[in-house]
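First, the structure itself, so that you have it in front of you.
Labels for the chains are A, B, C and D, by order of writing; each one numbers its residues from 1.
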């Protein structure tokens, strides 16, 4: 059998990928590695990027004109890995051409755009998935299981730090670049949604956007969430704490293994008058454990989920509604940040589509 | 020479210590270890605490009546390690009895009380030192040297996290208990003072105070500071980042050694139009180094400094003015926190005594 | 009741402490803190050391003549914290004076000396405890529980690293200074004893002893143990791995908390022919957990255990027999090291007293 | 230009890769990414492995017959990523077919085989590189610079730990699988070679090879080296200490950044009589620094180096002589280990080819 072997079956879903910058190569590699998907064309305005595609994937068609990709009837789905400001236009055109869409996070630049994409995808019965990659990691899925099981008890707080020396973006501030990950994860994990947002931040570069920011979210349920993001940190930190009344979780994505640690620690409260206050708080400090995690590549899991949703017509875990929620919080947070922490109340009904 | 050896010289400063709870034993031990000081009496309302003093320091007079300590003419100075709400009264009485005072942080419960103590100490030419212990650590003194030398360039931000599973306090919120350390350090390190404060936080215990809080401070100089404090964290974190235009510092007090790391990392900015924005930001990533630190016990260094100030009559590094600054920021932060992050402007003149 | 309070009851055991260098102050402090014990005299040839005792414990008698301590009928027990070469003589004289003895590790400089002390103590029905402090830590006691419960399955190996930039000793090599800790812990934890020893090492200082060494121990039960000790390491490492067929333990004494981690990892073996070899090894990788540990100070626990043994006349966990085992292994290891790893077989009967 | 773009120039070196198991995919990916090289054929007996090649690199010829690869005149070089026992045969056949060879480590199963390959390659003026990948990492190259500069002073020791829960190999013991990395790095870094070897180890699996081992190497220059390797460790450790008289290095490959730390620590020695011994050892403890490292992928750097050697005809850094040295040490170490640490002397002349 010394010759060519085809790696694919009949019913493979064929992708066009637009944008071959930082994330595009990961998309292409994974779309080739998942048996049910493959890439037939890549589009990018930069010829040097296309040359990189050519050297690794000689079989892929290289395009600089996005319309040609949309016009190709062989292509079932478009993966969009371009700057945020272009997401709405590229996704809308893809939907209008009858293609399913996987779009990088954040889904769009505004709530309004997000609502329009939701409408268009629903009318055409096309699947739109937002690439909230972290939701598909073994770590986040395991935390979700633990939260759903009720093991943590009542949720008290969600506190995340995501800092590093990062690329300063021109078109978006650090909330849209980094906090978007935390909001996507939090939106997936928590069963409740914020009712108010207050953010502070600063821009150190003339003509630039805020390069570090602090975001507090309040919830009806006496829960608080906080996100610390920074493009100008000398060290890379990716750490989330989730405090519950029974157990607490530390999720540290920089750990090579044991990314999720569960602490059997906390306080116990009794009922009583204020004068007995101190006597009524007990401290528990028990074992810690780190559950084994699925180490599958998140993007691969996500692509398989996207394939499943295309076949069944169901809403993805990180579908357009999740994408909208995240954009909505980012919009409010950026507004608050521009006004030095002014509280922005979120109408509960406005959050439902 | 088999017999008693006296460990002390003639001119030793004699202390009375009031409050022998968590911190008192450290004060007594260090006051005995510093050759220029000793303890002659300890006062506490709890007999079991006094019994502990007796077993370790049989020579010390044990008191339950504070006035007897003040009436003892042999005693030169009073060290106060009692709850915050009592600081003002105990310190004022000590000053009025002609004793020098070392008072635990925070100095007082209010700005007004702090101002009165400053007045009283100045009128009587007595030294009042606030026990901002961290200021006397090898780590913080080394960072101060580096900041003063200008090596970091322009200061961009100060970001501190101080969280653990801690004792819930009844009389003060988590800002007064934990952020006080960061404010004391920041006040010592930075050459500028905040012009506005916004804080958010939450209380999870009925009848209690806020047990986690987030504090943002704005400065005139396009600097931002942020402090994250939490009594309900499963892990203990003590980490401060100081970002400068030339270098950045990470101070991690949980590291057994190499507590201070200096990163030769950052961005370089050029002048230009917005269209050239991205081209104008360069990234530097160079060596990291961890300077050797003096490992003397901070409290010992502080006591020696207090002795020096008593002899020379000079203002301590962490004297009453530093104490006032910290109380002022705490007061504003707690107010903001009660109003869900409402911005509190600080009049610059109000900060000067 | 403003006056003197006695910290002690009637039946307190009174200690004389000989040697007030590095470890002596810890002994004295703990002997004062344990309610059933106190220190009445400290002996050291160096007056500056005695002066330190005086300033901290004004009530203690200071001696330069050890015989005066032995002659004091008030003293029940002697704690010896002097160089190894003096242990035998000081302990023997204490036993002959009818005192119980707590002696620093290693117990003696030779097996022969150890055997003589065992004889003397038994004849006089006095308790001799060897200060194998680590055996009394919460970490080691927890590991012992787990090993005894059989959770780890069959033991495969014991591998310890104990390195730092340490004081170069003149009278003993690095095995006697550092590996002694690991041997004491291993001797306590494992139910079996080594049958052969091979050690390598090197001395970098003219006229000195080996300052780094590697010690392998073989056991009848297809178990191997290895200890890596080094006085010339830039970093401090204190880490022990214990591999079992079902679970494996990592004990890292440098961790501020979670010093003991238990991994549900390993291989599973089936029976079969060699040609099927690979198919027969399965890998298990499950959760990790870190049990909560008792954080009592080990020396305090040990002193209380010593007191119990004095009252009941029972053999301490780290009594003279354990001390002998450790000295025996050190003797053999040093011999092997002098002969570049020559295997030294240990007669099983020789290990039994 | 919407169409095919060739990623390659005229003078690209064309590779056949034999073995597409664990390491083969890395070779293929890097050979595609380096502009001067490409892969035209992959050979593996397992069709499922070839299918993986097909799905990712549709342009590559797939072979199960190695001879067809050798017969292809288009192919300039063969990369061998198969089990050790096959290296000699596959490499010899490649050389005899006039192909340059890149062979996985260890180069061969025996010294004799290594000598024959050296002869054959030299006679045919072909380049044979051994894939001692770590030698091409930024970390190891930076350490080499520091050692060559003399900054560390006199070398005292080399101490490496390389442990994890690894695949149990059938054909080689853990020394040949893991210690080979340390020997390759050490052989590159140190200017001297060992004069004697002693190793201990154990096999826990019936019919298997030693799965953990400890290797000591002695040098003429009062230097010692030690390597600790283990397939049955619950944690992954990759840490090497290099102790010098002036500075010391810790190279921790598990650190995400700052893999190399240089400590300005050590001892200073004076001349004197033994009685003055202690007074003559001084301790230095200064700053630590972590130099910035080149983060290029090591395999890419190595392939480019291989290309250069092919063009210039020069001996690679990790050429056949380096490969021979490593095999020689492994052979001696395995022999010693079979004899429970028996010292194996290495004749200096035998080490020179």
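Note that a residue touches a chain if its C-beta (ideal position, glycine included) is under 8 Å from a C-beta of that chain, and two chains touch if they have at least 3 such contacts.
Quick caveat, the model's predicted, so the values are computed rather than measured.
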Item to check | A-B compared against A-C, more contacting pairs | outcome: A-B
Next on the checklist: I'd like to know which pair from B-D, B-C or C-D copies the A-D interface, where a copy means over half of the contact pairs are the same by residue number.
Outcome noted: B-C
Checklist outcome for this item: Distance between the CA centroids of subunit A and subunit C (whole Å) is 52
Checklist entry - Just how far, in Å, is the C-alpha centre of subunit B from the one of subunit A? => result 40
Checklist entry - Which parts of subunit C, given as residue numbers and ranges, touch two or more other chains? => result 285, 288
Checklist outcome for this item: subunit B partner, complex, touching residues on subunit C are 1-8, 32-33, 35, 38, 47, 50-52, 54-59, 61-65, 68, 236, 254, 256-257
Checklist entry - Mind pulling up the subunit C residues that touch subunit D in the complex? => result 156-157, 159, 161, 163, 165, 168, 170, 196, 198, 200-202, 204-208, 212, 214, 216, 218, 222-224, 226, 228, 230, 232-235, 241, 243, 248-250, 261, 263, 265-267, 269, 274, 277-278, 281, 283, 285, 288, 340-343
Checklist entry - Mind pulling up the subunit A residues that touch subunit C in the complex? => result 258, 264, 285-292
